[in-house]
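Quick one: structure below, then a few questions.
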């Protein structure tokens, strides 16, 4: 089952990668929306601490983050251990673990662009919408999201692309188990290590070309529906 | 009593401390100098500012110490001082934004009619960025009206409109407020506009209500700044007696006195409102017969006051139980030896408003 | 779901292990086995934290020993090979080189695995120290994360020469590119490699079967072919 | 000839195609309905739009097919239709933004005086977000002036100002334009404001120049919409003959005719400009002596025209070689049997402008 | 010379890390400013392609990017080889190489927030500034930068933090030479691999605490001088 010179195991890894990137980006967007909104509008002191915390996952090397996550999510960690005691199983070496890991690591790429977009939007459009009978959810959908589209797009693209290429965290907490936690980046790495450069190049090229085509389509769509300028 | 409120709010040095009661329907003009707190007060009414105090509209408590009806639950229309259109929506969708959110049964404003009367039909497919300043403002007015509001708040809605556009929109607003029977709070610096639209008036100064009452009373009170304004005017309520379609003239009765005013169509109601600018009233001792001025009314001088205009005095004239203002050169006051109590004739150029 | 038996193996085993597993699969098709290659240190951490690995082949016997002591092993640590290090270059025939030739200034960069954590790097450092070259060469050394990375540093030409595992240069694609110089194993401590069956595989017959298969004659010859010295030879 | 230009620019359906020549100094009013292209034309003058065409200011070529002087090299002041203050700068720094960028030797406007006269002293330390709409607009005017412009472009600068603020700022602008001796292009919908400030006028309609010329000519031309506007007015240039300080009256000569106008101070120049609204002129057959109206001038009826105001006619009166407009009820035209050529008396309430 | 339980080599690595993060962030900001500006304002078709290209470095695992960079910058690569022929030396295993690598990898974090900020700002403030005599550079400094401060901050923070934690690329092209290319992330990794967990934890903790304190200070400063809202 080799196609385009890419073996079956690699196809599975690719599929896993895109699934992971989609799921964690979607979850991140949903979770970070309220956080970014709060950060954009609060005047509380604690805000700066939260802002700093959000950026922290970037500071440590991914493998090290992965290492600490492994401890946390594994059977002896605070999270994994609790799950085990509750009769569930721990999260290390599972797809769920990968999702958590890549979400934590992509957190800043989602929160910050959203926060910026919300701040740039100001309160006025929301006020107008409220005087026109739009309730909070309605305002979110009809005003906030469209007006912060550029920020959403940046958040989604950075998080998605970053998850595609993420390696250290995923390898550490996933273990690179084929079909379960071996994502494309690990597969490529593995090929390079095994001096199977041809496979590595093919897989890299496929990943790059796919991502490039996706991105071009997304940006073209975005441009198509772009508002030419901000109302003065 | 239909709208009553009391608000206290501080913003830096500025403090709003306003209490007022507005009539059930009709337009209330909110008047005051730049920075006196008009916008702030409107925002409190809309619930956009969380001021201390309370607000009752049509018997419903919208706000007090315990309650605070959120903005989107208040059935109001708000025209912001800056047009504030949604930049991501075409004009059509800006207009439909509020319209769609009102249940069909509660819609009281027709989409196409409003669009036509505000002259924005040709703009429906544009984005707000492709509109001129005045076009944006008209869209914003239409958008607020299309939300079928039960309280209309308008913050200088016509500031950047040309005279012709204003002349087109004003009658529509008048009809609308007759038709909707809702209270309207209208901020404007144009006394003409206010005299035409408003029944009631609230005067703000540095965040406090200086005076409130029927428009015609406030306009001529010499203790208030309005009577001393450049375009000070009196408003008279008069009985319709006759309409001469050929000459387009209405004959009106104001107490014992008869007045004639030009008007395109026969008045639809029995009463008509007239605006008479202080600068449109001249005083003569005898009744001039060969003048083009339509009305030469017997009046009595009630009060002669100072006028900020150089070389002028402000004369309050009693016409039955109503008041007129006349801005007269000092020279004429001397020449004609005018004193309070004297019976004179007022040469009046009146304008029908409603 | 029926999970295959899973081996975590040090990267240097890659070529040998692939061949061994091919044989094993044809001999025991009813016992599916899957292999993952990587750094021994990472595998050690992961096994400690519940990784689903049944056998662990480490490049350094210290890791499985640590796991055994912590109770993560089902049985003894079994030494399976001794690693050798070689001088290798991508640009010239290294078979003509000796350790002392590395002092030559034309070798601007010399790649070894990071001695702080990679066993092959540690042995390379020992060998350099023993031949009195460490001080001379220290400034010219660059460090790979593991032995495979070290190989890449040399392959890219960025390092003119490197000290890497014999097992890697025995790969056909590398052998084509010229020779290598085997470093005298008297210059460094033996690099004993060992494996364990992890605790989770205590009752896994396949794991046992494969552990035994490691001492099969066929397997041993593969190991030898890839430059591993077998412990009892 | 000081400012001459020709611009062509398309924006969707709208096409600007304007050619005009403005006098060396003095204010040119840019008049036109909402959406007629006033803002677009100002932007072309400023270089904010790259229109086809050319522009010469004070003999310098600012733009033609080869050249395009970038905006920041054009010594202009621009008051945008929306205040557009820098949100990141306090009012003080907004004001100093342009001021600092003009070399000291070329500064012709005093910082403190401007700040005081525009009434923004108390706001200097605030950010624009903490200002009311009118306050923002005043800051924007001050900011443009402080850049000591040699061409001033103002897009409805006073739209959201109250009458009192306007009354304070207008004289300052008047003095400034006397003092700076620069051309000013002024967009406004308020004919009063325009009549007071402008010497020259450009009428725009749908992107084209409908008419251009001295203000007093355009105001009374019955083929232009201005004469038919609600507040149509004529502007007269008159000779100062005498000032009566006690009664604050100036006596003026306009041809053979004498006029009296109230004025606080003695005029500083030998000529004075008067604005006379069509609605401030009444016609009488005889000279009324016992009226408070100061001026009863012998005039000749030049033309009797239709007026869009119901029941009125627009009468053009010849006063020497100048023109007056009078808006007269149809009834009075009939009653007094007015016909062109007839000699009548105009009862005139005039306002001194300069 | 152990202090806070952190050895001398690690201190050197830390110093190198911060230097690298500072230099590459500064360079990136300078270089991406015009690019982001162009992207924010151009209407050309090619724009979407450039936008997609900018995000591509994220798509591949860092080690793989590093591997390709190693080849490119090494003596046989297009860049390194040319340098060698010109008598200079190639860039593999040099600090310059690290700077290039971390810049390429952080590119999207800088371009996208800047582009969003520029778009949100609109053209009006620039027009106003131009009518007030401000030339292009003047406008950049007095209007563009202050008004896109939030975007600049995000760009700087993401790029800086990301370089602190960057590992794969730096490892690949740096060669881990102490004092020259061994950055903190590699040192931490080394400790973990070498089972010297205590050192790893200490170094991680130091990095995290330092970064946290820096970020809190930056955000607090930013909040202090923040404009309360956008002018309506």
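In this document, chain identifiers A, B, C, D and E correspond to the written order of the chains, with residue numbering beginning at 1 in each.
Heads up, the rule we're going with is that a residue touches a chain if its C-beta (ideal position, glycine included) is under 8 Å from a C-beta of that chain, and two chains touch if they have at least 3 such contacts.
Remember, it's a predicted structure, so these values are computed and weren't measured experimentally.
Asker: Out of curiosity, which chains are bumping into both subunit A and subunit D?
Answerer: Common contact partners of subunit A and subunit D, which must touch each of the two, are B, E.
Asker: Which of the two pairs, A-C or D-E, is linked by more C-beta contacts?
Answerer: When the contacts at A-C and D-E are counted, D-E has more.
Asker: By CA centroid distance, what chain is farthest from subunit E?
Answerer: B
Asker: Sort the other chains by how far their Cα centres are from that of subunit D and give me the top one.
Answerer: Relative to subunit D, the chain with the farthest C-alpha centre is C.
Asker: Centroid of subunit C to centroid of subunit D, CA atoms only: how many Å?
Answerer: 90
Asker: Distance-wise, how many Å sit between the C-alpha centres of subunit B and subunit E, to the nearest whole number?
Answerer: It comes to 60 Å between the two C-alpha centres.
Asker: Could you state the distance in Å from the CA-based centre of subunit C to that of subunit E?
Answerer: Averaging C-alpha atoms per chain gives centres 36 Å apart.
Asker: When the centre of a chain is set as the mean of its C-alpha atoms, what distance in Å lies between subunit A and subunit B?
Answerer: Measuring from centre to centre gives 56 Å for this pair.
Asker: Any chance you could list the residues of subunit A touching two or more other chains?
Answerer: Residues 63, 67, 124, 192, 229-230, 232 of subunit A touch two or more partner chains.
Asker: Touching two or more other chains, which residues of subunit B qualify?
Answerer: Each of 80, 82, 84 in subunit B touches at least two other chains.
Asker: Touching at least two other chains at once: which residues of subunit C meet that condition?
Answerer: Answer for subunit C, listing residues that touch two or more other chains: 42, 45, 149, 152.
Asker: Any idea which subunit A residues touch subunit B in the complex?
Answerer: Residue list for subunit A touching subunit B: 124-125, 127-136, 138-139, 142-143, 146-147, 149, 227-232.
Asker: Flag every residue of subunit C that touches subunit A in the complex, lowest number first.
Answerer: My answer: residues 6, 11, 14-15, 34, 36-38, 42, 45-46, 49-53, 148-149, 151-152, 171, 173-174.
Asker: Could you please specify the touching residues of subunit A with respect to subunit E in the complex?
Answerer: 47-49, 51-53, 55-65, 67-68, 108-109, 112-113, 115-117, 119-124, 150-151, 154, 157-158, 161-162, 164-168, 185-186, 188-189, 192, 200, 204, 207-208, 211-212, 215-216, 219-220, 222-223, 229-230, 232
Asker: Using the touch definition from the top, list the residues of subunit D that touch subunit B in their complex.
Answerer: It comes out as residues 11-13, 32-35, 38-39, 81-82, 122, 126, 130-135, 138, 155-156, 159-165, 167, 189, 191, 225, 229-231, 247-249, 260, 262-265, 279-280, 282-286, 288, 290-294, 309-312, 326, 328-334, 336, 338, 347, 349.
Asker: Can you name the residues of subunit D that touch subunit E in the complex?
Answerer: 46-48, 70-72, 74-78, 80, 84-88, 97-98, 101-102, 127-129, 136, 143-144, 147
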